[in-house]
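Right after this note come the structures.
Paired with subunit B in one complex and with subunit C in the other, subunit A is shared by the two complexes that follow.
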Partner chain A sequence: MNRSTRNAISLVAVGVFVLVVSLLLIAMVGSSIPKALSSFLRGIVGSTYSIGEVLVRATPLILAALGVSVGFRTGFLNIGAEGQIYLGAIAVTWLGMTFPNLPPVLMITFALILGFLAGGFWSVVPGILKAKFGLSEIINTIMLNYIAINLVGILVRTSLKDPTYPYPMSPILPESTYFPMLLLPTRLHAGLILALVCAALVYLLMFRTSTGFCMRAVGLNKRASICSGISVTGHVVLSSLISGGLAGLAGVSEIAGLHHRLIEGISPSYGYLAIVVSLLGKNHPFLIILSALGIAALQVGSMAMQRSSGVPTSIASIIMGLLVIMILARKQLFGCKEE
Partner chain B sequence: MEIFSLTLITTFLAATVRMATPIALAGLGETISERAGISNLGVEAIMLSGSYFSFWAMFQYSNPLFGLLFGILGGIAVSLLHAWLSIYCKADQTIAGLALNFLILGLTSFLFLMQFGQTTTLPSIQTIGRMEIPLLSKIPVIGQAFFNQDPFVYMLLLFVVLILVLFYKTEWGVILKAVGENPRSADTAGLNVKKVRYTAAIANGLLGGLGGAYLSTVKLGFFQENLTSGKGYIALVAVILGRRNPVGVLAAALVIGSAEALQIRLQTLGSNIPSQLFAMFPYLVTILVLLFSIGKSHDPAALGVPYERDKR
Partner chain C sequence: MSFLKMIEIDKAFFGKSANTKVNLTVEQGEIHALLGENGAGKTTLMNILYGIYQADSGSIELEGNPVQIKSPKDAINHKIGMVHQHFTLVPTLTVSENITLGLKSPGYPFVKRKQVDEEIRTLSERYHLAVDPTALVNTLSVGQQQRVEIIKVLYRQAKLLILDEPTAVLTPQEVESLFDILRRLRSEGHSVIIITHHIAEVLDLTDRITILRSGEKVGEVATSQTSKEELSQLMVGRKLQNATKSKLPFAYDTKGFEVSSIIGAHEEIGPLSLSVPPGQIVGIAGVDGNGQKALAEIMLGIRKIKEGTIALDGQNLEHLGVKQRRSLGFGYISDDRLLDSLVLDMDLQENLLLTKYRTTDCKKHHLIDYKELHKQTEQAVNEYAIKTGAIEHPVRYLSGGNQQKLILARELAGSPKVVIACQPTRGLDIGSTEEVHKTLLALRREGCSVVLISSDLEEILDLSDTIAVIYRGQIADVIVNEGDVDLTYLGLLMAGTVERRNA
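Showing the complex of A and B:
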């Protein structure tokens, strides 16, 4: 058996295994499997609204996962996309509240730049600590997640708080910060276009420029890179900056396209999901779009399944965890070596 | 304001110890695992599994010993799965841990909903109560805080001493360190690297499972979706802050616990200072400590690296 057929067989086996487990779980709750599956599918593609919901959910996942993938390529394991999303969200909220009279074009441009820089800053710090001093980025990015989440908590209670409202949230931002809507009456907004453009840009950067080549080289073999005169430190720092910046854009997009105000908990673990998305998409920008759509569909579909057949939404989390575990175990179980 | 009165300090210390206990237990487990070279980001999953299964057993049998046993077993099941992925499958340990966090988060809430359904009143259990230790609890200030607590706190203190002896006074500690620093040399010297790593993983599951069990059976008396809500990640921070030393990890957990206790105290006092400021504090301290320790790496050399015997 040659390598590619073995590879294909193992992927099919993983898919079948996860599917069988999911069906067993549905049967365990006592729901009818055909009914559950049809409500799952209707939840994803049943109406314009449901398609819009999947795309709305996929948008921050694509952006943050693109960021994670750029970091992965140089060996920078960015667990901190969650915090970087919040930093982007803080940036756009601050901009909208401080300069409410900017014209929309300038406002959106500044919001994107500022959000990118804020997210990038949150990630370049652990990047520098890793590249220059060898400190583990994993623990640092996790800690920065908690600092960012608490920072949002403080800001929506103090300087960014809506004074007319008793709850911890910022005021509604001026309309100049809003992303255009794409498909009314769904909630789909131009953040999706931003995500697709970023995917194309990341592809060009990673596979069509010498900087991207150097980044990938650093990730594949540090020693060989040093020997051929590629700066390991510089490229790890650069990739960490871009990595956090893209996650920051996800935060901007969530505020400017969806919530229009800063509240706590705008990211239901998008930052951690992004790592799964990036892994399933093999750190390739175009595959990431597909895997983000898949994960978003899984989540939206499972919500519909809970409404109509009573299967808990937590099944989505089980499927995701199982999928990643099986993919990690695949190489050893089926004896196929990574390319 | 009588914030500094003696009784208040004692109750504050007692609250700190209670907040720190689950983090310290899980942190000790992770310390053992990391010393053997396995970095498990799935502490969250270990704790969540421990808290669910101990709650389940307590609910079924209303026997604290069963609760303890199932909590430990739930933790070990998760850590063994992680060990299998890291050792046998040679997978990326960070990603494996993250995947386990998703899997167990889903699995525990799925099982919980399946068993108890969607109810307005949470099914609850009798929490494990305090046991006052005579004499020791009469020590001023710290006596009540450390020696009038639930059995988990005493177990924690016992484990700290036990692991301290194990790490620094027994051959086992040397073996553990050898496997974490240089598995090839350890293998050449005739040590069974896999066996040591699996054993360390079991210890991690045991302690993490206990930490999780503490949350459902002592602190809360019920279970709910995502009960641990990040405690596992905080335990990882305690490991780093405590520099993989059992006493250090306990001290780090106490620092984190005191920040939490302070947060709750401020909320009940109705203070205007956002409590998040204090929640942030332990992480800022940890980052500062890391910055000051630049250049003196304390990480085991083979941390997170799968050991491949037949590789050059």
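Showing the complex of A and C:
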């Protein structure tokens, strides 16, 4: 049996296994399997609106996962995309509230720059700590997540709070911050285009420029990089900046394209999902688009399933966890080694 | 009846044959050499005997009885012991703890350490393997660690000892004492198999020799009835052409590469001075672990110094980093190919790009021009005769010799002014070693300052114009090599037992 057939068989086997487990879970909660499946599929491709929903959900996942992948490629394990998304969101909210009269072109440009820098700042700090002092970026980025999430909690109750409203949230931002809508009446916004452009840029950076080459070399073999005169410190710091910056853009996109105001919990764990997306996409920008679409479809579909056949969405999380483990263990389980 | 018989052993990895119908017979009380180039299948054969690999076909007989050896544990039960090329000791444990690791010692689980220590002491005295059982392994020299490995095997009552390249890391004196130990073991009735590619040692020590070439047995001879020439011909399959060094007919008038009174940032080196004129190879001889690597890294700028100067043609460069020094024409061949020189998961092109990416000739509009890079890689592959399936294969799948050729192609590109070669032929077969030596001599002709750091004395003697002996981070003495070097004196310098003669 040659490698490619074995590979194909193992993928099919993973698919069948995950499908069987999901059907068992659906049966366990007492729902009708055909009804659940059809509502799952209709939730994803049943209407223009549902397709739009999948794309809306995929947008922040693509951006944050691109960020995660740039870090991973350089050996900077950024677990802090969640916090960096919030920083991007804070940045655009602050900009919109402080300079409400900027024309849209400037507003969006500044929002992107500021959001990138804010997210980048949140990641470059652990980046510098890692590169200079060897402190674990994993721990530090996770800790900064807590700080970022609670920082948003404080801000929406104090300086960024909407004074006319009793709940902790910012006022609606001026329309100049809004991303253009792409496919009314769906919620699809220009963030998707931003994400696709970023994917292309990340591809160019990582696989076509010498900076990207150095970053990948540092990620694969630090010693060899040092011996050939590639600065490990510099490239780790740069990659952490870009990594957090892209996650920051995800935050900007969520506010400017979707919510138009800062609220607590604007990111339902997109930052953590982004790690999964990046892993499934083998840290490659184009595969990341595919895996983000897949994860988004899984989530959107399972929400539809919950609405129309009462299957809890937690099943989607279980399936996702299972899928990741199976895909990571696939090579060992089925004995197909990477070429 | 022979003590050990391996009959018609076949072993293939991924369809590539490593051993083809190999027969090996070892008598009791015999030192038997398994001679062959790297990749000839010596270690594979011994790993089969020791139960690390299973043979695809063939059988093993011990004292006439067929045996199945499925794991090292089985091998130990059959009184077979192996000392690996890379030692398997825990540095933070004592000698006796290392020796009894994995065994249920008397008193287990509350081991009577004193009693064990006493047993080990008796054993080591019996075979003249002087080691203190209570010493921590990380305080021992390489030679002492090897003795611990041998005691470990004897403590498990091995009758047959397998030693994989045992002399690679030893000084001449340590080699002599190892050979004494092995002879003593022979006289006590033990059988010994040593894996090696050093013909001189084989002739000195062994009783019989089995020669392997490309996985096949090409001969078995009694040591007393063979010669250096016959062995090397059997081993390589052709007559060897030693790289010969001829005196340069002229001298360069630049100063070349100089380090003076340097002290390493962590005092691992120095004070140390060395001058490498252009067109000369300065060999740094010494036992592994005397600061060779630190010296190489200081020269390239990977490590910092706190005092002293480093200069190329009179230009000071101690404040420059690796990148700047490389752009001045430094090449570095590290002793650790896999860690220092290659990114194993990148392909051949990208590994060349590691130093090339700074030059503009593989770039178009600031982007890497992969077409041009591919062309240049093909050129390098042809020029250095690198054997690879495809240029896009990760270098992980190249053999050691081909990996080293790729590194040479990269480091020696663009006629470098200084080349620091650290153990450049370690782990290479004779053919590849020859290539590396020729390349270094070619560099010398072109006026490059070559620093050759090697623990292989023969290599140093063959190639160097000047030999500097390094001991504990300092140069013990510098000897001009005109083919009449006093080897005893060199050995004593390496062992640190003499002061320099005329200092």
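A few points about this structure:
Note that in this section the second predicted complex is superposed on the first by the 332 of 339 C-alpha atoms of A that agree within 3 Å, B and C clash if a C-alpha of one lies under 4 Å from a C-alpha of the other, contacts with A are read in each partner's own complex, and residues count from 1 in each chain.
As a working rule, a residue touches a chain if its C-beta (ideal position, glycine included) is under 8 Å from a C-beta of that chain, and two chains touch if they have at least 3 such contacts.
Small disclaimer: the values here were computed from a predicted structure and weren't measured.
When the shared chain is aligned, no partner comes close enough to touch A:P185: not subunit B, not subunit C.
In the superposed model, A:S314 makes contact with subunit B only, not with subunit C. In the superposition on chain A, no contact is made by A:P34 with either subunit B or subunit C. Once the two complexes are laid over each other on the shared chain, residue contacts for A:P163 go to neither subunit B nor subunit C. If you count the residues of subunit A touched by subunit B and by subunit C, you find the higher number for B. When both complexes are overlaid on chain A, the residue A:N150 reaches subunit B alone and has no touch with subunit C. Of the two partner chains placed by the overlay, neither subunit B nor subunit C lies in contact with A:P103.
In the superposition on chain A, contact is made by A:N221 with subunit C only, not with subunit B.
Residue overlap on subunit A between its contacts with subunit B in one complex and with subunit C in the other: absent. Residues 204, 208-210, 213-214, 216-217, 220-221, 223-231 of subunit A touch subunit C in their complex. Those residues of subunit C that touch subunit A in the complex are listed here as 300, 302, 321-326, 332, 334, 336, 339-346, 350, 353-355, 357-358, 363, 366-368. Subunit A makes touch with subunit B in their complex at residues 25, 28-29, 77, 79, 129, 133-136, 138-140, 142-147, 150-151, 153-154, 157-158, 272, 275-276, 279, 312, 314-322, 324-325, 328-329, 331-333. Within the complex, the subunit B residues that touch subunit A are 39, 41, 81, 85, 88-92, 94-96, 98-107, 109-110, 113-114, 225, 230, 233-234, 236-237, 240, 274, 276-277, 279-280, 283-284, 286-287, 290-291, 294-295, 297, 299.
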